[in-house]
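Some structures are shown below for you to check.
You will see two complexes here that share subunit A, one where it goes with subunit B and one where it goes with subunit C.
The block that comes next holds the complex of A and B.
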């Protein structure tokens, strides 16, 4: 790739970096406000979290107040808070007293592994149905897929998960309803997430394939004597993939939201579950840390999608060559 | 729009929504049972003559609870959508009209809201007072206005450039007139699509957050939290778990179908 092409990649990366900064600022500001909104003296709370509930007395509170400068003006404290956040110093959990980053590290792994199962699964479910429907618009496959995807997009994710548990673990007894030890435990939460995502990607794939298969360059490829298979593989797929990959970014909002719900439903020990529980427990540093990680994850994957779009698009690739 | 021009999908959506609306408006009044009245001797009763749809684990009438819950969901969702749509639209029109720093500022604000997945932002606001109406409502409205802002800003730009609008402004017609007679009518189709879709989204979000325990909490009857409450009794009375979720499905499906097939 030459300079021209690099520059076209640089801009989206810069935009995403700005977005990451914005995420940190929003989450940090809300975290700071949440901390201030907690009832009681912050110093006592933090002292109890750091030194254990028995040590959270006036002396410890005074030490904490001194060290963290809790008697400084709010504005100064806020800047300090944001500064710590930007250095990824997320503080200690108010409940367990552990450093937030340590707690979230393990949970992030669980969340990522669930997402790593759900995304390919949704592709396996959604893409073939979408391509099949797009090649024969208003055929049987198209109509069945349409009905299914409309229904799946209207079902609340928790109800879908419950239904899958009812069928596959209670009625049929094939799969465990909860837990996270082996590969079988991944199937139901992964499937719940994947079905919701596939409902959308199947439709977009279908529309994209239908549009590309009637495009003039496809007609030309056939007319110049390319066999159907070569025309589809060489000219069709790549063009049809652009909107599908672009949609991925949009879908990831759904994935992040779905993760929060599905993890809560299946008691999956990931960040989404941690976030919901920390909100219950009023554990502000964990709420902030979990939200920050999910937000940054969202930005990161979006950046990857941007790059994928830029490399797939045949028009852009040729503009650089 | 007359009934005969509606596609079958839209007609189904309309019927679903009308049925739900009827249930929500008339249900609590017709059923005439207290959704909070417990008859422990009748807990988890099967559907029958006394309780048309059975009872929950505390012997409360499922029919009465679902009617009240549907009313609550639709009302809260409608209020949320209005609170997002009205300011969002007005700000969008204003941004396109004024331009300059006001527009840049608003666009930045909208981008800030979109920087995070919306459920995450709602959760962060709900964290201020989990289980309360107010943060839930504020969170959903705060996340929702952006869509109306972006769409109405984009459309208004085009409308303002049209010759008849330009002529009206040059002739000195007042801002109110241009807004009401020339701009809003053209925005209406897009806005109503967004609002219908948004209504379904709000019903879904409210019930989902309540299911997780962060939305509306028991003892208030809410479609999502009813499912959570009854989950431990799913073996004995699977219907009680499924029925509230089915109402959510009906509402969301109705909205999606009414918007039409190409809905994003």
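The block that comes next holds the complex of A and C.
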């Protein structure tokens, strides 16, 4: 790899690092402001989350307030958080008392393992249907895929999840509706996420393939005598893949949004589940930590997608050669 | 080249995270010795290792023990304390620690370790923190608890899960609990709050060796999902079944269903300082307007849980069989008219000062049945001209609203045996200042006197009389309106034998369970 290539790779990485830093600051400040703006008293919320309704009363709330210094001005509390962050310390959960970093590490594992099932599953479901539809626009496959996509995008993830649980767990008894121990437990939450994602990726793939299959270079490939199969494999797929890969990155937003709902629905001990719990409990350090991690993940995936797009783009490969 | 470097970057990222994943996803059946795992599914999450926060789960799973336990009638029985006594003036209690007991880290249970755990519990938001304790010390083989005034129900407070005795190594340098190292028949194998806890038999336990070697506790919040896990054999012991799923599970050949009455009462908390509820006749009218049988039969699927009084029949010392509170709309309307409330043009009551009878009932989703009950009450109160809106929020909205005085009405479920003696909850809920989960703007010098006398530890016959009189005051003055009692629905897999249910919900009694066949 020559110097020019190194520089072209390093520059975006540096830009992304700067972005990551900005994301950390903005997420931190925004998260803090939003948590402060929520109704309810933080000490009472924390007392309820820590001790449950039976013991979570005003006496418990007073103890919590004193222990955590919640009476201090918000600005001081925020600066404290920034100071800790600079020391790479995310503090302790106000509910469990455990270090946030440790909690997030465990949760990230669960979240990524679920995402690692959902993303390929969505690709397996969405891409072939999209390619098939794109090769024969307005054909039967295209129309069926369109109908399915609209339906799946219109149904919210929690409703889809409940429907899958009702059918596959309660009615048929084939799959567990909860738990996270073995491979069977991955299927329903993974499928709930994947179906929503596949609905979108199938349509984008279809449009991309349809556009590419009528592109001049495909016409040229056919004209020079390549069989259709070879033309699609050699010239079509690679070109059509660029917007699709970009979309897969974009889908991370959908994935994160879906994860929060799906993890809560299936009692999956990932970051989404923790984030929802922490917001209800006003566990600010956990909310901040989870939001920060999601923000940084987002930057990382965007960076990887940019790299991947640059790598598969045939024009670029030729320019570098 | 570039592609490979991308791939290796992904692989490195994956590898850095995968150990965590693979470790936490080891299927339980294949772990270590291959011993069969008893799988418990429950809706109750746990938060960290501190017994004040998660002790109810540690105690249920047989991880931690207290100085004392409670028999089915709520009377104290020995646990880590083999004997106990109280001085004639009622101010000094002595608890003799059972000899030869070890913590899960093999260190011996000493009076100093026990005293230190109790001091920790006392500093936390625990029932013990509400006891008039002056000091907790170790002396010889005993733990000494000195009180500032006599407090006869102390043993019940020591039986609460927050008073769990943990090893000295369980606490960090800052005094926080770092790990759950108890003395129970099971030790922690995997601790993954808030959803999963695995335990393994502790071979050094002081009691008989349990038959079940391993157990896992999994939190599943959705009632339907829990029922489905029981039905499909994915759970051996399924806790807190919802009424709607019970009928279906009864038909399942895989499980035995048990409904156990538990002393948790769903009730309406009223702000008796509000102009709407200050008149006893109004509170009585509201109580008469409630169709308890209807709610119990339609929403809770058991007419027997209709609560005509605060304490269920399973608490005979507090329950009065002769009391009854049926629905009587005509009498309710009469009482409201006597109190100066007349129906306006739209049927909603208005009093002489032009105040409309419009109120908000705050409730929360910890117990899913509260919501439909609130909606039923809304319709039933509308029949006597009371307009009630339902506000669904967090459980903490109720204590907060109580303290800032904004609360008018709340629907909640209150556990009267958080400490095995209901006195502990009563004194907290119906004292001179009221209580966050009890009376608001209401107090009774008579009740205070009765509770004070109970604290002094009178002879048993007098105790029963004091309890009955206390319950009667609450029944007649209605600072809170009881709606329905509770039952704990449990599905027990046919593979299990010797399963018994603790009505105080302090233990699953795993150490008594055996595998059938």
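As a convention for this text, the second predicted complex is superposed on the first by the 252 of 321 C-alpha atoms of A that agree within 3 Å, B and C clash if a C-alpha of one lies under 4 Å from a C-alpha of the other, contacts with A are read in each partner's own complex, and residues count from 1 in each chain.
Rule of thumb we're sticking to: a contact is a pair of C-beta atoms (placed from the backbone, for glycine too) under 8 Å apart; a residue touches a chain by one contact, two chains touch by 3 or more.
Computed from a prediction, not measured in an experiment: that's the story for all the values here.
Using the contact criterion defined above for the overlaid structures, shared-chain residue A:159 touches subunit B, although it does not reach subunit C. When both complexes are overlaid on chain A, the residue A:140 reaches neither subunit B nor subunit C. In the superposition on chain A, contact is made by A:287 with subunit B only, not with subunit C. In the superposition on chain A, contact of A:256 is made with subunit B only, not with subunit C.
Looking at the shared chain after the overlay, A:23 reaches subunit B, while subunit C stays out of its contact range. Residue contacts after overlaying the shared chain place A:150 against subunit B, while subunit C stays out of touching range.
When the shared chain is aligned, subunit B comes close enough to touch A:276, but subunit C does not. Once the two complexes are laid over each other on the shared chain, residue contacts for A:233 go to neither subunit B nor subunit C.
More residues of subunit A lie in contact with C than with the other chain of the pair subunit B and subunit C. Touch criterion met: A:308 reaches subunit C, while subunit B stays clear of it. Of the residues of subunit A, those at positions 166, 170, 280 touch subunit B in one of the two structures and subunit C in the other. Within the complex, the subunit A residues that touch subunit B are 19, 22-23, 26-27, 30, 33-34, 37, 146, 150-151, 153-159, 162, 166, 170, 252-253, 256-257, 260-261, 264, 275-276, 279-280, 282, 284, 287, 291, 294-295, 298-299.
Those residues of subunit A whose C-beta lies close enough to touch subunit C in the complex are 1, 40-41, 44-45, 47-61, 63-64, 93, 95-98, 105-106, 108-110, 112-113, 116, 165-166, 169-170, 173, 176-182, 265, 267, 269, 277, 280, 304, 307-308, 311.
Residue ranges on subunit B touching subunit A, taken from their complex, read 111-112, 115-121, 123-128, 130, 200, 204, 207-208, 211-214, 224, 227, 231, 234-235, 238, 241-242, 245, 248-249, 252-253, 256-257, 261. Interface residues of subunit C, counted against subunit A in their complex, comprise 1-3, 6, 9-10, 14, 17-18, 20-21, 24-25, 27-28, 41, 47-50, 52-53, 56, 124-127, 129-130, 162, 176-177, 192-196, 218-222, 224-229, 231-232, 234, 364, 366, 393-397, 399-400, 402-403, 412-415, 418, 428, 435-437.
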